[in-house]
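Report on the structure given below.
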Amino acid sequence: MHFASDNSGPANPEILAALAAANTGYAMGYGADLEMAKVTARIREIFEAPEAAVYLVATGTAANVLALSTLSQPWQTLFCSAPAHINMDECNAPEFYTGGAKLTLVTGNDKMTPDDLRAAVEGEETRGVHGPQRGPVSITQVTEFGTIYSLDELRALCDVAKSYGLPVHLDGARFTNAMVSLACTPAEMTWKAGVDAVSFGGTKNGCLGVEAVIFFDPAKAQEFEYRRKRGAHLFSKHRYLSAQMFAYLSDDLWLSNARTANAKAARLAEGLHSAGATFSHTPQANMIFAALPRATHQKLFDAGAIYHLWDGGLEGPPEEEITARFVCDWSISNDEIDAFVALI
Amino acid sequence: MHFASDNSGPANPEILAALAAANTGYAMGYGADLEMAKVTARIREIFEAPEAAVYLVATGTAANVLALSTLSQPWQTLFCSAPAHINMDECNAPEFYTGGAKLTLVTGNDKMTPDDLRAAVEGEETRGVHGPQRGPVSITQVTEFGTIYSLDELRALCDVAKSYGLPVHLDGARFTNAMVSLACTPAEMTWKAGVDAVSFGGTKNGCLGVEAVIFFDPAKAQEFEYRRKRGAHLFSKHRYLSAQMFAYLSDDLWLSNARTANAKAARLAEGLHSAGATFSHTPQANMIFAALPRATHQKLFDAGAIYHLWDGGLEGPPEEEITARFVCDWSISNDEIDAFVALI
Amino acid sequence: MHFASDNSGPANPEILAALAAANTGYAMGYGADLEMAKVTARIREIFEAPEAAVYLVATGTAANVLALSTLSQPWQTLFCSAPAHINMDECNAPEFYTGGAKLTLVTGNDKMTPDDLRAAVEGEETRGVHGPQRGPVSITQVTEFGTIYSLDELRALCDVAKSYGLPVHLDGARFTNAMVSLACTPAEMTWKAGVDAVSFGGTKNGCLGVEAVIFFDPAKAQEFEYRRKRGAHLFSKHRYLSAQMFAYLSDDLWLSNARTANAKAARLAEGLHSAGATFSHTPQANMIFAALPRATHQKLFDAGAIYHLWDGGLEGPPEEEITARFVCDWSISNDEIDAFVALI
Amino acid sequence: MHFASDNSGPANPEILAALAAANTGYAMGYGADLEMAKVTARIREIFEAPEAAVYLVATGTAANVLALSTLSQPWQTLFCSAPAHINMDECNAPEFYTGGAKLTLVTGNDKMTPDDLRAAVEGEETRGVHGPQRGPVSITQVTEFGTIYSLDELRALCDVAKSYGLPVHLDGARFTNAMVSLACTPAEMTWKAGVDAVSFGGTKNGCLGVEAVIFFDPAKAQEFEYRRKRGAHLFSKHRYLSAQMFAYLSDDLWLSNARTANAKAARLAEGLHSAGATFSHTPQANMIFAALPRATHQKLFDAGAIYHLWDGGLEGPPEEEITARFVCDWSISNDEIDAFVALI
């Protein structure tokens, strides 16, 4: 009964098998492995983007901050939501990698609206050289609260960004969970909507640790390579990143993992709902924010369940409702979910 | 016949097996996995350093620059040799991570002597606030030219550093190759000689990608954690780093890999020597710099051998001698070496 | 009729005379001039702080960001109001100088309350190593909206900061305007209230360009010197900074300038009020935010008045009220003010 | 008898008079003052560069590092001599402002030769993404040892840079001293030779503190403005920088100051030579490196002379020769020089 994060479950056996298969003989290092060429080809194919520049790194934060620093200048401000991972959970890595750019927090909600974004953009660059200049917009899909921008919503945000000439980055740590939920293509959720660069996550969806950074316009590719190297994110034994990503994209593993995780979360959400929990955000992918009485949390923890409380602790009135975050990955079993729900 | 680098061969099957073994059930992320506690305990044990702070990252550059930035200030200069990896092969990652510190190149040779180091240190901080201030000394062991500092040499360098109050970092990407060659203990090659922090390499010696950073005085530990996170080097699924490192340190795998690699290089060196090659640096570990006529290189390349030419290309007089770098890892076979030598 | 800023008027003749007086013979550079010793002694005296470290720089932004970077770490967040100069008007200089720290915007108002600050501080450092760590609090006095923290308000903010162990910086670009308005001592408005470091402005109050940075605990002094030098803010002909600051602090020039500027602003505010203007913030120093009908602004501009519109432009309904900022410096004449008011 | 530096003498009375003249009425801040327009026009005229972008800052280090960071990328290395001010005397400001670029030290001598430069450039960018990439070349004119590149030498260096596509920066802290010595035009010593950006010094040649940064191709101008602001080097009361620079360029003050300083140094050099001093570098501008017996230095210091010993201290054999640096500015009198020489 472990719902702490989709980075706390195991990787797919297929990913491990791919590592083992890649582990024979010699391979050139630093991205010159043959497997990487296959990864690039595959990603270009699934994104319908034959010119795209594709790079692999091992952490989602590396993907985000390398992409964003490539799209920005140190005297700019990046537009994102307050709950965005780049704001809350990267210990100033964006500021570090960009050389001191700022983040403008467009909204405190899970999703930015076009009006939010326009207001935020209008609020910057009103002071000539004195204030920060407008920089890229970063959108998280699936959001940090488990909700999903519709394609229309994405396009509308990108349209606002484009109307100011600002590039758009998509933090897709849970890219595939969103995509299968929207039943859309990778292209529809990215460049067709106006996205310029994507952090395409593998780690949270069944890999050990691999993320792709994709630029649809390869003009910035060379700069990205220098940034990755000086960020110490270029792997010498790069084949083990390539192997993970290629296996992930083979035999629809990425899709089936995401579908499974979403389905498990739906099952859990239904159980929580039946048990009387209320949701601060309607679950759309594999992450649920549900309020339960403190006493229930205590009971669940006592029974060995693991998840994060979000807005309070175990001290306090037992009947008070506390919101908790529950994340399902591909590996959680129905039995575990049902056993958990039965406890409530 | 692949001698390009010790990062171009496969990982030990034991490492892969450890990954598979770790790939069950849930594990807390970001270094809170149970395996990491075992890694810390094991490293403290083999280094005879019960208080040491131990961290894992995935690349050698990350280990170096996170360690060095933790030991330095942006207005300082770091002392190293010109061929040092941190100078030549990290695309300004040290300057980036330190926030703009400088490198003072103590010598153009593979090894710094105490006199070199003293002269370089004396040359800095002579100009009050105008020049950079003296910062840490970084020593590479095995050096970038395949030679090894004796324990006396290491101690003498550390003594110079200590006489100025400067911390010492050891870039041990090939730590174990040096250690087994010196037949010394980890402690003797580090804190007993005066080393404060070590990049303890696993990647080049049989792992997929894992390096430990070890601080013998844990006072800087908390700062390192923030630096690692904002550098985007904290793995969410950290268990896969821990598993590699623990397997690496189990059953003497680290030692036997290094002994094997060194022995293979000795065999290759003997073959090269018999074939008339001359060595710019006496091979002491698993890396050889040998001069051969250009025509010989051409023949070897034509036969499919892979290695790096160091001081020239294939264009030019066929009889001219060109130095090449040959690196052996644990996986190279005697047959391959012998076949290669036979070609010369 | 020029109310654009207190940096758009002339310097006192006394400051120019001091430059001329200092302009004889030789003087050691880089802060080793004899005049600087007098400045340090004088500032220690007026601040009743015999141990204080005192430095001069030429711009207010330099004073702020050098002070703040000395008090912080790159993985921290600095607490300030949204309108703070360090947030709005320094083009990411704080992020640059701190090496990538973040700003947490405590409030959108001119003044932070202790509750605002406590909530903001509580909101950070809740995520272990993942989020930014808590760093210094920066308070602007006079605020960017022309209001002034009472001594009680200052103490209460500092108390909150101290309860979390956070250092406090005071952006005193208009330090003296606040001090004379509060009729308090420099010590009362700084270290006695809990302030650790001050940007003590001269530029906006009659100098050409000089600001002091004062640390009440000199422990950080040496680091500041390196930061100033590598920021390119250490003047070779430092005597001309010293001379300005010493003249500024002589014969109560700093006090009389501030009193004059405040009195002029009061006269202007009264005139504006009589003419029907409304104030978004009660003017307490030398800066006024007053709403007037657009048609009135047009008339004033046509007559040659110069000041900044704050929340709108000249396009729109003539009767709509637009807020403008009016700043008085020591040099504005009563006649000019009265002529301006008569126009309304 | 003060020969410590050309930043330790007084400014011209004309500069002070210009400050006083500028000190009337209101002026827009931050470079929008009318005087700045005149400065730009004047510099474009004397440099025969009608499109040049012109900016003012207050320190030579600011001019250098803002220019160099505008011309470079953080993953590059800058080429300069080891004695270059940017290497020796800016406390890592170049590394800070460039975001972590490196300096490649082309030579230990005062002047780089084309062969030195070519060898240094060839030595970099040989390692793909692993090493730093080639960045701008920075040439100091007058060199830090008081010598001057001929126009042919300058052109030859620029030609090497251009052959690799590298931009060229000229550190002209003593620009005018070199120019009058070469009897050339500003254009000949800069863009006609291949220089892209200049730090055009005023401070060491009679101003209080002002340096121009000139880009002959204005394409980088906007970026420079952001860099200057976030470096905290944009003056609010900018008119006082403009006034200095305009006065400096009026009535040939810049030229006559430089001619005077050079002539004084020639007189001093002759005196030193007659007294038996030997020169490590032939004095060509206003700076002399001369060796005298330690006992002579002691006698001179005892008599109140002030200058810097370069390669030793007062402890040691009295007959041993110690090199000292002597700098003359426009204000030193012949009597002082003669009195000094008479002492030897």
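The first chain written gets the first letter, and so on, giving A, B, C and D; residue counts start at 1 in each chain.
Operating definition for what follows: contacts are C-beta pairs under 8 Å (C-beta built on N, C-alpha and C of every residue); 3 or more make two chains touch, one makes a residue touch a chain.
What you see is a predicted model; the values in this text were computed from it and never measured.
**Student:** Going only through chains that touch each other, how many steps at minimum separate subunit B from subunit D?
**Tutor:** When the steps are counted carefully, the minimum from subunit B to subunit D is 1.
**Student:** Which chain's centre, taken as the mean of its Cα atoms, is farthest from the centre of subunit B?
**Tutor:** Result for max centroid distance from subunit B is chain C.
**Student:** Nearest whole angstrom, what separates the Cα centre of subunit A from the Cα centre of subunit B?
**Tutor:** 33
**Student:** With chain centres defined as C-alpha means, what is the inter-centre distance between subunit A and subunit D in Å?
**Tutor:** Measuring from centre to centre gives 50 Å for this pair.
**Student:** Considering subunit B alone, which of its residues make contact with at least two other chains?
**Tutor:** Only 74-75, 90-92, 96, 99-100, 129-130, 133, 226, 229-230, 234 qualify.
**Student:** Touching subunit B in the complex: which residues of subunit A?
**Tutor:** Touching subunit B: residues 2, 4-5, 7-11, 13, 16, 19-20, 23-29, 57-62, 64-66, 90-93, 96-97, 203-204, 208-209, 226, 229-237, 240, 306 of subunit A.
**Student:** Could you please specify the touching residues of subunit C with respect to subunit A in the complex?
**Tutor:** That would be residues 74-77, 88-92, 95-96, 98-103, 105, 127, 129-133 of subunit C.
**Student:** Okay, in this complex, where on subunit A does subunit D touch?
**Tutor:** 30, 73-75, 99-100, 129-130, 133, 223, 225-227, 229-230, 234
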